[in-house]
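Okay, handing you the structure first.
All chains are identified by letter, namely A, B, C, D, E and F, in their written order; residue positions are counted from 1 within each chain.
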């Protein structure tokens, strides 16, 4: 599971933005997910509201998409990337909601952080919109599912790994 | 665990920023945490680097603090708040790193989202800085530990709840 | 209709952010509106989509609320304000959609620009989401309807003024 | 006037950022305009100030250029684009000021929203700088004049269309 | 010249945003300056342009004012502050231009960084607008001139200190 | 030392973002430096803290890198650029700290402003973190050392030029 060195640290250990200028500009895509676990009554309220108006889930989905565009502003050593697609889907599961985010770019570095950031901020937005009902909600399972493109090529999460936070 | 209604939805179900202008300006504080679970070799590399230079953990801590200040820009219906303190601590646990974020404000609404956002972005930054070694890291256990101040008063997470994502 | 001097210009004519530090911190509110006129088929498509999913109107409403929080970042001489409420409503009219934005703050200066910015960005978002169908849509009628609070007190737009862009 | 479907809505009606990764990177340009109608005394004051110092109009022009760069941050489903030119011109007309904004990019999607956003924010800035004199000013006539480049090619606003808000 | 400890470091040496919640909300002001030294021909071109159009100096002044509002976004441990005034003045001196920035707030912490950031960004903007003529320009003399308010009270730069970068 | 015209001013003298769309996309790099001069006790405290924890210098380095990404947001007429590398180094000199920033891009315009902005904000951050000890610190010597790429090609600062602010 562990591969190369900590590439953000230069020879003296100082954090710097990795030089990607020699990398080829290729099509890259990443998909990440996250989950919000919550009390059954909270989930019911969100889903009922969603059935009628779509607002909790719709707001979280937009927040995730907009966050994908802010990734380089949030993560200190991320490169700014002109992403060409961002899609966020939110679906109910037994104990809450699962968020899946897919981001695509034609660029010199991948969009794993954009997908993970989109998923995280969508989860935070769900928390924000339902916290008046349920402060004990928990966000977890934020992980990369798959990435394609770039020198390291295709990566897919090894096992189905169904445990959630 | 479930309390009031979904306060971000108005009578027609449309999402809107809740009016807090009638609330008193009081001292409020919130503490949240999050965890990044990772392969043992990844944790060792981060801690070794940290012992020598402090950069992975130091960078994540700063990213979390700066993210607390961006909360209202990320979470669509959050109120902008002039936070008076933001503290992020990162410590190793068995299978990774745990991030604890505390935010304080004197204002008309609480800083739960600021603390949760700080914890989330610190975790994402850890992922970013170590992902060359370990793409399978997982972020979880993002949850509110405690909040004080405001009309709803003191809230503390019910049980110790030690499971992590 | 014309009142005082151009207060953003100092004695030498240079643009500067007006000093409001001597003003009292009072409750202030402003309401503004804007309209997007469009082909009947465009309006029908938006409303049909809205009836089913709520997304064009829901997205524009959120964009307007989030833009209210960015006003001081967009308008060079606006003061940053911790707004306590932002509400954006969008309703169909004969030839398109009308956006109404209300913003509230307890502060040293008013929120007219926040309300106008929210209305403008909601209109731009409607344009963005429907432009594949209808590039000839036009945004107009962006104007302040009412403001309360502050030294200049209550102001309401003189006549009903029903003409639109 | 009405063409294709509402391309921001996916098959389930959820708003998402359209995938443009398969589009060719071509030169694209868009021109948009907007107007601020105002009392004659307000226009005179602005023009007199402008003749002497250039500040109201100069400030609005810069605000428009800077806003073009923030478009993807303001409009939820806009793609971030590394624009290669932004020009904002402001000229007096009978009842106020007309703003014309032109934006250019070499990219996978057009810059209509960047031009419209630049025009809108320049108009809002004019309002901000003159509102102490004239709160009844109205912003209107925000519309696309022309776009070139991309698969949909050249589009020019059909009729001269001289009515303003 | 040296006073207290490095207050941004907590007991373990980790950087954190200092807690100012116990401080009183008082009126505070800070003034800072900076200089851009340049070739005589560059200064002449700027001043000639300025006499006629005002744009280099006008643009730099606005950039400084807008940067004051972004200070907490730029400086990791700065508190966000709702500044009540920002004024930037630019005047020619023998070998270039001197920028003076004054910022005011009613808040729990001072605005030294806001004034210094405004001066720095105004200088950078002057460089940007004239760099096609003169890449060897140098920015220097960025320093606090005076601050008032807060527990530490009035501070004025000890000696006239006329040397510049 | 003085070369071409003030290229940000169009034929009428109005400030506009220069059109770079006809320029070739080439590899470009720029290096800039800046210095913070301070009392010996301040420098000792920073270096001692740095030896133990690395935080003042580490924080300033990150602030510089993040600022490079915000350049187009700060400098009104700068083009947004997807930078491919940003490196900030900070070293002690006799009377303080010297910051060196290098930025790289493959793009249509250079990254001089990104390097200068990174150096400036790193210096401001050093000031912020040490100002409780020493308000009289001064930032100076902010200047371009070298640039490569683009039509104007290689430029290197003429003389060693060791004077500092």
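We take it that a contact is a pair of C-beta atoms (placed from the backbone, for glycine too) under 8 Å apart; a residue touches a chain by one contact, two chains touch by 3 or more.
Source: prediction; values computed, not measured.
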Given chain C and chain D, the chains that contact each of them = A, E
Greatest centre-to-centre gap (Cα means) from chain E is with chain A
Since chain A and chain C share one sequence, what rotation angle in degrees maps the C-alpha trace of one onto the other, as a multiple of 5?
-> 180
For the pair chain D and chain F, the C-alpha centroid-to-centroid distance in angstrom is 32
If you average the CA atoms of chain E and of chain F, how far apart do the two points sit, in angstrom?
-> 16
How many Å are there between the centre of chain A and the centre of chain E, using C-alpha atoms for each centre?
-> 37
Among the residues of chain B, pick out those that touch two or more other chains and give their numbers.
-> 14-15, 53, 55, 58-59, 62, 66, 70, 73, 76-77, 80, 82
Chain adjacency by touch: line, ring, star, complete or other shape?
-> other
State which pairs of chains touch, listing all of them.
-> A-B, A-C, A-D, A-F, B-C, B-E, B-F, C-D, C-E, D-E, D-F, E-F
Interface residues, chain E side, partner chain D - complex | 53-55, 58-59, 62, 66
Mind pulling up the chain A residues that touch chain F in the complex?
-> 10, 14-21, 23, 72-73, 76-77, 79-82, 107-108
Report the residues of chain F in contact with chain E in the complex, numbered from low to high.
-> 1-9, 12-15, 34, 39, 41-42, 45-46, 49, 52-53, 55-56, 58-59, 62-63, 66-67, 70, 73-78, 112-113, 116-117, 120-121, 123-125, 127-144, 147, 155, 157-158, 163-165
Across the complex, what residues on chain C touch chain B?
-> 27, 58, 61-62, 65-66, 68-70, 80-89, 104-106
